[in-house]
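Working notes, beginning with the structure itself.
The first chain written gets the first letter, and so on, giving A, B and C; residue counts start at 1 in each chain.
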Amino acid sequence: MDTATFLVQCLNAVQYGLLLFLVASGLTLIFGIMGVINLAHGSFYMMGAYLAFALAPLFGPNFLLMLLAGIVLSAAFGYLLEWAFFSFLYEREHLQQVLMTYALILVFEEARSLLIGNDVHGVPAPPWLAGTLPLGELMTYPVYRLFASAACIVVGGGLYLVVNRTRLGMMIRAGASNRDMVRGLGIDITRLYRIVFAGGVALAALAGMIAAPMSSVYPGMGGHVLIICFVVVVIGGIGSISGALVASLLVGFVDTFGKVFFAELSGIGVYLLMAVILVWRPEGLMRRGY
Amino acid sequence: MAGTATWRWLPLVVAAVLAVLPSVLTPYTSDLVTKIIVLAVFALSLELLVGMTGLVSLGHAAFLGIGAYTAVLASPEYDAANPLLLGLACVGAAATYALFVGALSLRTRGVYFIMVTLAFAQMAYFVFHDTPLGGGTDGIYLNARPALGDFDSGEKLHFYYLALAALVGTYGLLALLRRSRFGHALAGIRVNEQRMRAAGFATYLYKLAAFVLAGALAGLAGFLLAVKDGYVNPELLSWHESGAVLLMIILGGIGHLRGAVIGAAAFVLLKELYATPAIVGEVLAQHWQLTLGFTIIAFVALLPRGLIGLSARLRAVTR
Amino acid sequence: MNTLLSCHGLTRVFGGLTAVDRATLDFALGEVHAVIGTNGAGKSTLINMLSGEMPVSGGRIMLDGQDITRWPQPRRARAGIGRSYQRTTIFPEFTVLENCRLSAQAAHARPWALWEAAAACTGSVPIARRALAAAGLAEVAASPAGSLSHGGKRQLEIAMCLATEPRVLLLDEPLAGMGSEETERMLALLATLKAGHAILLVEHDMDAVFRIADRITVMVNGQVIATDAPQAIRANPQVQVAYLGEHG
């Protein structure tokens, strides 16, 4: 493999990893703070992708505006969903949460099927992001992928700032380590949970929107990303955003280079990575409390 | 731990009824009952894990699928295989993967365990989906059903009794297991694993043994499924299948062997109901998963102890 | 003195905090060795390291001359270390007898014998009945364990510990939440157990400790500051300053 190809694969790995990080950070926050295992998290990613498909014609070249609209819409949806459904899951045992959120997936998938259908769609990248950049003498790299990575870094940075530098973030971190104490401090835990949940949904949906122009928009995309995210969370530790970042990048590299070297069996590379980590460090790479 | 005297006779009565059923049912209904019997074996295998040992696995379909694929892959291309040997091969293959998955995933607990079992099932799914081993997304066909002497599993009636025998055997094995020392140890691990370790039990090994046995029994169900349908495809290992079997035992009621059987029956019948346009209308019949989804939510919210819990509540109310 | 269990330089560090700092103690047959100290003194960590539930950062643990520092808890339990818990860890849905029988089963497991019913196990049932009798719970053997009074549950906790036929008893606040009558019963039980066991007793009830202990160790901030007979401890000026205060 020559340097240019290697560089391209590295960029692909980072881009995939960063996108995963967006989805996984939402998942790990929701579990870390509220203690709910949410199988439907992948559906939010799918919703984001289909949202991009639906909104792209309306917004045209105003891609960033569309992303913003998507964030607002999905956050609002998440807020409502938490109020109407998820708030009832907090005190239940894991098995019931698994089944309830599994049922939610069925509902979301069929709703999508009824509203938009089961076809595979493409979403065009906006014209100002649709070109390629030269890499060395022979290769080029799509601008959009660089944009995707940059967008994830910006959002990730924003997430870091919110969690570590704001009052809301302080409440989130407190809630992650001691739920009852936070309640005792008089913080409105209901609103906190609702906001965190809405944020998690928005993160996943945003990832889906960003991913749409790169991969096609298809029915099973939610399920696939969910299971990879589970692997990320197992490796990185529940509730740990930094762990999710490290694990996502690791998964990104294993998956990307796996496809290069072991074309057919590349799909299982990620799970073998998980198996190795389980043998070596069952509590995850960066365990924090849970 | 055993129920009242009436409950103890019930499984035997049901088995007897099932034995004579084919002679009175239409072919369509007979097929339905056969399907229920095979899925009941699958559900019982998960009940061992979830209900008896307290291990919530979201990847149990992997063992069903591996058992099913082994039935096709280990059969000679055009001749009938020996049903006993083939069944053994399927059980063995599933148990082997269960040993690998269990050894690694039991190093984790709680939510991690759920996620890891799902991931390992997905891994197996990809092996059959992406490689030519399993014929890819198209799946592969079983050309000749296993037969031995006068017994031919291709005959509907013969297969029915094979499946029924497997169900009775599985049910009996698990009933014995429940009242044995091993079963009591599993129950203790379910309630308070730490306490069991303090008493001197190597709980990891007990859980692993339960996991492998559950995988083996799921492999048996997979063998039956492959022989019944004559066809296998990767979707047998999908997490939808894993979710379905979990739903079955919750429908029936966790913690009771008969709950698994009842749940399998309820699940199959509900699916039939929801997919029939004459009953629910054209649109809903096509999107039966929507109705199923809402049913699950309502069920878990209102009847967490399943249909068995419902009957207990009714008895309490009418007393 | 017949020392059954001992620890040497036992240490446990969590990040920046040293929960237990080079503790050296021994527990002998026929004696109740109490460990007292304020909350956060390291008593729970000490008992968790001795039972095998928590890994050790430094030091050694010896049982009958064997180094068991790296042994997992089930192995230590089978070797004769029994443990009761501060928070009741009985199995509420099983009967009282089954609670004990299950504890006793570990030594008589034969897990492959699926055709034998556990309730008829000739190994574990008699041992369980003996443990129940010793703890004074023989009459309630068939009741669900969850229906016992708080004191009864604490007694069952001890009975389950006894059912593993241990030689060393690690008792974590057995008197927690007990009224005076129940406390008397428990102390009488401990007095009968003394002869055949080495007993580590972690307790907050000072009157009980001074009545029943043969030796007392005082821990402050993870360190052992004194180990001596009760009267000497009471008179020890360091202990008075650090811990006993008005109790002295």
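Definition applied: contacts are C-beta pairs under 8 Å (C-beta built on N, C-alpha and C of every residue); 3 or more make two chains touch, one makes a residue touch a chain.
In this text the structure is predicted, and so the values were computed from the model without any measurement.
K.L.:
Which chain has the mean of its C-alpha atoms lying nearest to the mean of all protein C-alpha atoms shown?
P.N.:
B
K.L.:
State the chain with the largest centre-to-centre distance from chain A, centres being mean CA positions.
P.N.:
Using the mean of the C-alpha atoms as each chain's centre, the farthest one from chain A is C.
K.L.:
Chain B to chain C: how many Å between their CA centres?
P.N.:
Taking the mean C-alpha position of each chain, the two centres sit 43 Å apart.
K.L.:
I'd like to verify one number: the distance from the centre of chain A to the centre of chain B, where each centre is the average of its C-alpha atoms, in whole angstrom.
P.N.:
The mean C-alpha positions of chain A and chain B differ by 32 Å.
K.L.:
Round to the nearest whole Å and give the separation of the Cα centres of chain A and chain C.
P.N.:
Chain A and chain C have C-alpha centres separated by 48 Å.
K.L.:
Over in the complex, which chain A residues touch chain B? Could you list them?
P.N.:
Going by the criterion above, the answer is residues 31, 37, 88, 94-96, 98-100, 102-107, 109-111, 113-114, 223, 227, 230-231, 233-234, 238, 264-268, 271-272, 274-275, 278-279, 282, 284.
K.L.:
Within their complex, state which residues of chain B touch chain A.
P.N.:
Answer in residue numbers: 50, 56, 58, 104-105, 107-108, 110-112, 114-116, 118-120, 122-123, 126-127, 129-131, 239, 243, 246-247, 250, 254, 283, 287, 289-290, 292-297, 300-301, 304.
K.L.:
So in the complex, which bits of chain C are touching chain B?
P.N.:
For this pair, the touching residues of chain C are 51, 53, 72-75, 77-78, 82-83, 85, 89-91, 93-94, 98, 102-103, 105-119, 121, 124, 160, 163-164.
K.L.:
How about chain B: which of its residues touch chain C in the complex?
P.N.:
Going through chain B, the ones touching chain C are 173, 176-177, 179-185, 187-188, 191-192, 194-203, 206, 209.
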